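These notes open a run of structures that come right after.
The two complexes that follow have chain A in common; it is paired with chain B in the first and with chain C in the second.
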Partner chain A sequence: MTTPSSTNAGSPTGEDAPRKQWMAVLAKAPAKRVEALATAYLEGVADAVAPRFRVLRRPETGLVMVRGRAGGTGDPFNMGEMTVTRCTVVLERDGAAAVAGHAYIAGRDRAHATLAAKLDALLQTDGHHGPLMAALVEPLAREAEERRAARRRRVGATKVDFFTLVRGED
Partner chain B sequence: MYVAVKGGERAIENAHGLLAEDRRGDTEVPELTPDQIREQMKLAVDRVMTEGSLYDRELAALALKQARGDQIEAIFLLRAYRTTLPRFAASRPVDTGAMVVERRVSATFKDLPGGQILGPTFDYTHRLIDHDLAAPHRPRPCAEAAPVDEAMPRVLDLLACEGLIEPADPADPAAPDPPDASGAADREDGQPADITREPPRFPAGRDARLQTLARGDEGFLLALAYSSQRGYGRTHPFAGEIRLGTVPVCIAPEELGFEIEIGEIELTECQMVNQFTGGADRAPCFTRGYGLAFGHGERKAMSMALVDRSLRADAFEETRDAPVQDEEFVLSHCDNVQATGFVEHLKLPHYVDFQSELELLRRLRREHDARNGPDDKAEAAE
Partner chain C sequence: MVSAAMIEPPAEGFSDPVLDAAECFRVILGALATPGTPMRLPRTVAAPDALGPEGAALALTLMDFETRVWLHPDIATEAVVRYLAFHTGVVRASEAGAADFAVMPIGAAVSVLPTLVVGTADYPDRAASAILLTDGMDGGAPARLSGPGLAAPVDFAPAGATSALWSVLRENAARFPLGVDCFFAGGGAVAGLPRSTRIESGEG
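This part shows the complex of A and B:
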C-alpha cells in the first residue's frame, strides 16, 4: 500500500500517450483554471471516497537547460535555462496499490505543480479517469485550442498579400 | 603596510534606504507592479531573460523593477538567482520548425509557403512619438483573417533541397570540410558544451560559441555584426528567415521514463544566408549563420546570426583579420555581467593600491629631479 506503483517506467511510447497528453495540458493551462476546475470536480466527489494524498516529493523549483540546434536542425547547443517546479504525490487507495502522480511545470508555481501531481495520480485510476478527463482535461485543452485559434486569426490578418494591387487593376 | 578598512556600514545601509525611496519615486504616482512590467514592457523583459539566460517572465519583470529599469543590473540579478537553483534536466532540443508562428518574414523570397507574416512589429512604423499613449489608451480591436498556418516550412529548406546552401547537419556529406570546431559528437559524454559548468577553451566548438552568443550583450553583438556589414570581415548576408513564436519544451524525467511537455516558451530565430563557399571538389553553395533568443528579440537574433557566421571563418578557410572573426576576442568580451563586473569594480576602494602607485610616482620624480636639477618649469613660471 505504501509503495507507489511504478508501472510507468520503461513502458512504450504508445501506452504513455494519453498520460503525456494530460500532463501537457495540465502544465500549459493557467494555474487559476486548473484550480477552479479541480476544486469544482473534487467538491462533487462524496466524502467517503475523497482521495487521500501523501506528498512524496515536496514541490521544488529548479532549472531545465533549454537546448536548441545550430541552424535549427544541426547539432544541439545549450541555449539558456528556464525555471520549472516539480512535485510527486502518492494517492493512497484502500484495497488497491497506491498510485504515484508526477508534475513538472514551467515556472515557479508550487501550488500548480502540487495540484497537477495530484490530478496526474487521479487520472491514472479507473474511477476518476473518465470523469476527470471530461470535467477538467478536455475543457482545458479546448480552451487552449480556442485561445490559439483566436491568436492565429489575428496573426493571419498580418499576412502580406503581394497581389492586392494587381487584383485592383482587373 | 596593512590598512584596515572598516566602517561605512551605516552609510551603506542608509544609501540602500535612499535607493529604495528613489526607486519608488513620487508617491503621488501609482507604483508599478511586476505584472504591469511583464505585460507592457515585454521587450525589456525578454532581453533580461535572454541575457540573464533564464526564461521566467515574472522573475525578469521583478528584476527590472528592482533594478529601476537598468537592464544589465536586472540581468545580473537573474544570473545570481539561477545559481541558487538545482538543474533538474536538459530539454530535448526544441523544434523551431514546428513553432506556432506569431511572425515570420524572409528577405530572400517574396512568395513562400505560409507567406510573409508581419505579426506584432515596429517595422514600417514612422518612428513618430505617439502622444495618444500619454493618456490611458485602449487599442482598437485587431483585425482577423484566415488563421495563419499551423506550422511553417523553413525558408532555408527551399535552398537546401536544391543543394544551394550548406546543410545544417554537420554529419551530412555536403557539410563544410573541415567542419566547425568540435561539438557534442567529439565530447566524451556526447553532450553539448556547457559554458556555465566548464571553463572556456579556444578554439571553442560551435555549441559553446552559440551558447555564449545567446547570452551575450545585445549592444556588443550588434556593433560587431554592424562592423562585419561595413567591411571588417564581410560575409554578404541576407535575412533568409526570421521567425517568432512558441515551441513546447520537453524533458524525460528518470522517474517517468518517458518524455513530457513542461510548458511552452517564446523564441525568436534568425537564419542568415551568407555568400558562398566551395572549391575544386565541392560545388559552390550559400553558408549559414544562426541566431536564437528568448522571447521577442530580433535585433539580438540577427546580430547573433551574423557573428556566428563570422566566427565560422575556419570552416570556410577564410582569413581571420577582423575583430568579429576573432573568437577569443568576441567570446571573452560579449558577456555583459562579466564586463560590468570588471569595469565597475574600479569604483570600489583601491586606496592601498593607489597609495603604492603614488609612492612610486613620487620616488620616480625625486630621481628625475636629482638627475636633471631642480624643476625649471617652476622657475620659468616666476
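This part shows the complex of A and C:
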C-alpha cells in the first residue's frame, strides 16, 4: 500500500489550507461540472463587475514525478509520472491589487486548467469568495464526497479479509 | 482578505514560451558567434525595471530549474526575483562564484567577473556566463574586437564600458579555453563576447 508523500494524503493544514482545499476541489471535479457551475455563476454577475483576466502562463501540459513512501512512512521512491496541465491567470481589479490564480490539474484538459485558475483568482477576492464557495466549491466537494462514498460501498461489498489459518505441520 | 499571503503577480513572460525562446536562442547564438555585434531580439517581454526587456528575454531563454543564477544586489529586486522564479524556476546562487549565470549592471562587472567560475581543463563548458546590463550598445569606452567569428576587427563600445572593464575582459580572454562568456543586454539589443575574442582597447 502506498500513499503520496505530499500533503494531499489528508486534509491540508496551515494558513493556506482553505485555498489548497478549493484548488483541490476545482482540480479534481469533472471539467463539465466545473464549467456548468462556473458559467451559471458568472452569468449572474452584473456586467459592471464582470471579472477581467489576462493570461500569465498559458495552459501547458507536462509530466510530474509522483513520489510515494512504502507504507506512508518508508523511504521515498518514484512511483511514476503523471500528466499535469497547469495555468496561471491574473485577475485585474480597479483600485485594488491584481490577483494571480493558479491551477494544476491531472490530464491535459486546457480549458479545465484555465477555468480552475480563473476561479482560484476569484476565490481570493472578498467580493466573490463567499458566493463562489456556496455556488461552486461546496457543491463540488459534496459531489466528490458522494462519489468517494459510492466507490467505498461498491468496493466494500466485495471486501475479503485474508488471514492465515494455523496449519498443522505434520 | 481571504488568503493570508496576497502576492503581486509577476510581469508576463513570453507569450509562447517554446517558440519565443527558440527564436531568441537562435539570435543569442548568433550574437556569441559574431562578437561585439549588436542584435535585436525577435521577441521581448514585459520585464521588471531592474532587468530590462533584453535582460529578461535572455534570462527566460537561457535559464531553467537546473541552472543557478546570481543576481547583483542592484538587480535582485523582489519583482525580478519573483519574475525569474515564476517563469524559469531558476535556482538562486548565494554567491557569484557558485552560479551558472551572473546578472549585473555593466558598472559592477569589473569586480564581479573575476569571481565567476571559469570551468576546468577537463570541462571548460562548466564556466559561468555573465549578463551585463547596459543602456545601449554605444557611448562607452571602445574596444577593438577580433578573433573567431569576425572576418575583420569590429569596434564595440557599449554604454558604461570602461578601460578597466576591457582590461578585466582581456584577462578573461587570456585564460582561453577557460573563462567566462559575456552578453551585453539593453537599449533594444544584445551582443555577445565569448572568451575566445581578442580585445584591444585604448589603454593597450
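Methods note: the second predicted complex is superposed on the first by the 143 of 170 C-alpha atoms of A that agree within 3 Å, B and C clash if a C-alpha of one lies under 4 Å from a C-alpha of the other, contacts with A are read in each partner's own complex, and residues count from 1 in each chain.
In this section, contacts are C-beta pairs under 8 Å (C-beta built on N, C-alpha and C of every residue); 3 or more make two chains touch, one makes a residue touch a chain.
Since the model is a prediction, treat every value here as computed from it, not as a measurement.
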item	value
Chain A as common anchor, with chain B and chain C clashing or fitting	fit
First (chain B), second (chain C), both or neither touched by A:Gln124	second
Touched partner set for A:Arg108, first chain B, second chain C, both or neither	first
First (chain B), second (chain C), both or neither touched by A:Ala50	neither
Contacts of A:Asp16 with chain B and chain C, given as first, second, both or neither	both
Touched partner set for A:Ala97, first chain B, second chain C, both or neither	second
Chain B or chain C, by number of chain A residues touched	B
Least C-alpha distance (whole Å) that remains between chain C and chain B when both complexes are overlaid	6
Shared contact residues on chain A - chain B and chain C	16, 60, 88
Footprint of chain A on chain C - complex, ascending	1-10, 12-13, 15-17, 86-87
Chain A - residues contacting chain B, complex	8-11, 13, 16, 20, 23-24, 27-28, 60-84, 86, 88, 102, 104-108, 148-160, 162
Residue numbers on chain A that touch chain C, as the complex places them	15-16, 18-19, 54, 56-58, 60, 88, 90, 97-100, 123-126, 129
Touch list for chain B against partner chain A, complex	49-50, 53-56, 58-59, 82, 85-94, 96-97, 100-103, 110-111, 115-120, 142-148, 150, 154, 156, 167-170, 180, 183-185, 192-196, 206-208, 210-211, 214-215, 248-249, 251, 253, 255-265, 267, 269, 271, 288, 290, 292, 294
